[in-house]
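After the structure tokens below, expect a handful of questions from me.
Letters are used for the chains, namely A, B, C and D, taken in the order the chains are written, and counting of residues starts over at 1 for each.
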Amino acid sequence: MTRPTEDPEELDRADPEGEIARAAEAYRNWGRWGADDRLGTLNLIDPAKRLEAAALVREGVTVSLAQSFDMNGPQKGWRRRTNPVHTMLDTGTDAERGSQGFPHGIGGADDVVAMPLQCSTQWDGLGHIFDHGRAWNGRAAGDVVTSDGDLVTGIEHASSAIVSRGVLLDVARWLDPERGELPDGYAISTGELEACMAAQGASSHVGQGDIVLVRTGRLARARREGWGDYAGGDSPGLSFTTAGWLHRTGIAAIATDTWGFEVRPNEFDLAFQPLHQVAIPNIGLTIGEMWDLEELARRCQELARYDFLLSAPPLPITGAVGSPINPVAVL
Amino acid sequence: MTRPTEDPEELDRADPEGEIARAAEAYRNWGRWGADDRLGTLNLIDPAKRLEAAALVREGVTVSLAQSFDMNGPQKGWRRRTNPVHTMLDTGTDAERGSQGFPHGIGGADDVVAMPLQCSTQWDGLGHIFDHGRAWNGRAAGDVVTSDGDLVTGIEHASSAIVSRGVLLDVARWLDPERGELPDGYAISTGELEACMAAQGASSHVGQGDIVLVRTGRLARARREGWGDYAGGDSPGLSFTTAGWLHRTGIAAIATDTWGFEVRPNEFDLAFQPLHQVAIPNIGLTIGEMWDLEELARRCQELARYDFLLSAPPLPITGAVGSPINPVAVL
Amino acid sequence: MTRPTEDPEELDRADPEGEIARAAEAYRNWGRWGADDRLGTLNLIDPAKRLEAAALVREGVTVSLAQSFDMNGPQKGWRRRTNPVHTMLDTGTDAERGSQGFPHGIGGADDVVAMPLQCSTQWDGLGHIFDHGRAWNGRAAGDVVTSDGDLVTGIEHASSAIVSRGVLLDVARWLDPERGELPDGYAISTGELEACMAAQGASSHVGQGDIVLVRTGRLARARREGWGDYAGGDSPGLSFTTAGWLHRTGIAAIATDTWGFEVRPNEFDLAFQPLHQVAIPNIGLTIGEMWDLEELARRCQELARYDFLLSAPPLPITGAVGSPINPVAVL
Amino acid sequence: MTRPTEDPEELDRADPEGEIARAAEAYRNWGRWGADDRLGTLNLIDPAKRLEAAALVREGVTVSLAQSFDMNGPQKGWRRRTNPVHTMLDTGTDAERGSQGFPHGIGGADDVVAMPLQCSTQWDGLGHIFDHGRAWNGRAAGDVVTSDGDLVTGIEHASSAIVSRGVLLDVARWLDPERGELPDGYAISTGELEACMAAQGASSHVGQGDIVLVRTGRLARARREGWGDYAGGDSPGLSFTTAGWLHRTGIAAIATDTWGFEVRPNEFDLAFQPLHQVAIPNIGLTIGEMWDLEELARRCQELARYDFLLSAPPLPITGAVGSPINPVAVL
């Protein structure tokens, strides 16, 4: 089999199946962390990396990278993905009226949420995507994720894993210094990722165990213009051809400010999220989507520094294939 | 009005109303951070504190402090609090069977959760408890929390706030070195908190902006014996008389390994969570419940060190009065 | 106070408050069925009426009047109203794969739904609408519906009530024989209801205890053109001025094929569902919305008969202010 | 293959697999209503039957056969089945306080429910149970019920079907006239069903297209003693050996006042709901569970009449394998 191309121009747009197969084989990490592995590239975060990350806390400033979780989100029902529905079990109005039945003037409010785990800022867990019926590490998809959830690689296994050095690659600002936004369909290439790193300076070096955050400006546009098809529609994003870079850098995870991480429309005549198919079940890469990188980008630009401590532990929902999160950068 | 007592023996068990009023008045922080404040004591975490916290990362080890989120949790339906119901929108079994309708062999799994925000490891937000119809900062409860949620102090406002120095006070281990578990109804007093700090050594000093984690061993017991009445039943916990300590130490937040933070049965003949009534709406204190401090306690004992970087950002569910969380200690 | 007008042309469009007050006072049924009443006009269905209804079953044919309950519904999130989210707890794919853990070859599928009670074909219960803080029978709204639900007139009280004679008034077909659809904003007047009854013939006589179904053709249009703003947007519907007719006919309930029962835009410069405000809390009328009257209309036209046995019991969700239903006409 | 036994004593308790296979083969209705059938025995309700049913309405009295839907139900979390969680989107307390933002004094309350479709009074649809990977009519289970729901025999197809003659067999009252309750583990045999019919008199004749309601008194006991293990525990119910009777009578559907319709413990050493495995995928029988037959039983005894019009349409939740219902008997 020939090596997969890293040049978007060379992709055979008519052959997603073949391109995916080539990349999957070339970059597959199956077995790398043992047959029982549940973490994939999150294994690459080690204590030394966390010490390095902690040493990056110099201002003592935190930035939340989460979008809000509410009915004003981008979801429109595709594959039963709704926005979060938050309802109250008890309210202050009731407490104030004195009808809650509690003694000595205490009153309370409680609440409930019903939400898809992929509705807003999230991690895609290792059970989220399959390649020809195979899940991460080569397992049969049906052995991993049934209607009881992910029995093997549920997101709860990563509950203490995701604290590392984060690196922001503000590709949109680098390519479009004025506006800081990439157009829909813009496929970010490996060359551009590396050039952006170089342009941003030494603090942007990406190495093993790092978590890379790629800003495309897509969320900034949605905030300005309305959601439109933010969820599932066209978007800038990573080119399919960055799979090799995702693999050889040894990054632990990657996240973007877009719905789908990779460029949309995808770079094939007929395809659906082909980079996911390589990255999750084959590389074992945890992918973050719908992150809010706006304030972080401003801070990084201001400080002329692009790395920080990133704490983004998933909610350990047993058997979940993803998790809503509130990632925090500490600068 | 006389000063509130800090001696559990002196509490007038027949007069919760009076004792609460005395403590509320003595420790009330209303207006301290301005009329528009939405954060309460979380304001006490400043950049210097975060730098101090980051400097505590010496081993590069992370410990998740979350219980799992699933149907095997402790909830039994009190006030419509159920355990989390996690269901799948798509599964590996379906993907494997090839019936998902996606091209080039990609398959996917998606999921949904429905859960009370107070069902497992959580923060109680400032809108969670009222004192005689008043919410944090003196606002009318009905102006703050309606059926639309917490319109003023929703947990989303704390989305980037809760990263600080954490201090574990393993009161259970200190009082019961053998077993490390306190009995139900055991009210931890201010004196015991301070003696535990002293016994644990310098790393346990608690000061302004810190987040204090008090281990009672209640969760360890539930793990061994079954949940029983873990959710809402009897438990060790903080004495009502610690309100003064919670106030004057200037801690930013506090959490325990119990359902209800304070001792149960409560220390009055007829009462319901009286310390909440002082701590949340009056002191403006964010309270964590149902944290899993077991592994952290083992690590701290091993390292003979009880402080660490604690990252525990809430999920920014707009208008929520609480949040499920996965707090992470970085040692 | 002057009598309310029954002529849409005479309504003071600038004074919804005054027009509502006049109608509310004129048609108020408070106390009519005692201080403890929980049923309102459903009290008007008596055994004789049910015998009359049963005698209308002549063909032995049933017609469901429910829209489907799924993600393809009209809801777009207004006031957190989503379409129903139906998920599986167990599937045939899993059963077939043999991984469910049951003996002797049995397999099973189970499911869950999360839905607003007003999301599709439904009854509005008596606790659904208030008039100046008053619920049905003059009760204080806050005494009736708290965050614990409707403590007084919950829909469960009507669980055995709603079986009666149904009468279809196919106003759309009568006014527009060709197409059978009324335009948005078309306010059906009392005169038109009566003329339609006359035109349809003797089987359309409406009397005490009947349940009237008014077809506007709005659903037919939505089916043809897409939902658009079916939920909450413009629509034909009953004129505000029909309140007197709703009251004096003694009908037990009324339903339409529209989202909101009454005409939209409402007949005032600035208003929101003014007829609801008279009909529910004042008349005590149970209102059905989003019914599918298409097949029924065809059958009635075919049979030249417009009355039938109507069975439309609500799901007895304790404390609910509405209920999803599958009303069935038996002809 | 030998004929299946109809004598409970003759069942080979050690061979559920064999007994099930024998009964399945003997009573299988696959193909009887065509290859595309979605209704099974519901096909046996014809217009003449509905006319017969309507003629049974003589008192004009309705009786709801639904248990309530709320958190006080019997579910304890088995297979993620919870009780219904009903929450409010808007309340009367809020409306009364004037903070809803509506004009002219109108206020409103809205609500939401999250519930398993099998949580309370319900129909089991044809996709609910499989026999060795086969669903109703011989289809592969995985072709029928995926995580998208029941794609073939979803309960919505039965939306207008379930109105027929109902017959109550109050087996508990007949066997225990004093108390009217059968003990747990009591397996009702074919002989007892027929003897009960005979004892109750002519109105209890069961024939083609009828819906049979079997009262065991299990719910009455649960009401008196508390739920205990009502959901999933021991119970009286139909013997496995009644499968032949279910088949040859040509009944359209059957329901009981128990959680599981058939006797529990099941009549084999190791088994799980073996009669389901014959009745649903093989006979194509729709089964009702957790019906409340208490008031109906009183009425029938009083009237010395056991048949009535039964209206029990499912909620047409697209793709559902069951439906919460409020069945109504009209006498």
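Side notes on the structure shown:
The working rule: a contact is a pair of C-beta atoms (placed from the backbone, for glycine too) under 8 Å apart; a residue touches a chain by one contact, two chains touch by 3 or more.
Owing to the predicted nature of the structure, the values given are computational and were not obtained by experimental measurement.
Taking B-C and A-C together, the chain pair joined by more C-beta contacts is A-C. The two sequence copies chain A and chain B touch through a face in which the numbers common to both exceed half of the numbers used overall. Chain A and chain C have Cα centroids separated by 45 Å.
Chain centres here are Cα averages; for chain A and chain B they lie 28 Å apart. Shown for chain C are the residues that touch two or more other chains, namely 80, 85-91, 93-94, 97, 99, 112, 114, 142-143, 146-148. Residues of chain C that touch chain B in their complex: 85, 87-89, 91, 93-94, 97, 99, 112, 114, 147. Against chain D, in their complex, chain C makes its touches with residues 16-17, 20, 46-51, 53-55, 57-64, 66-70, 72, 79-81, 84, 86-93, 95-98, 102-118, 127-133, 135, 140-150, 156, 159-161, 163, 268, 270-274, 276-277, 309, 311, 313-322, 324-326, 328, 330.
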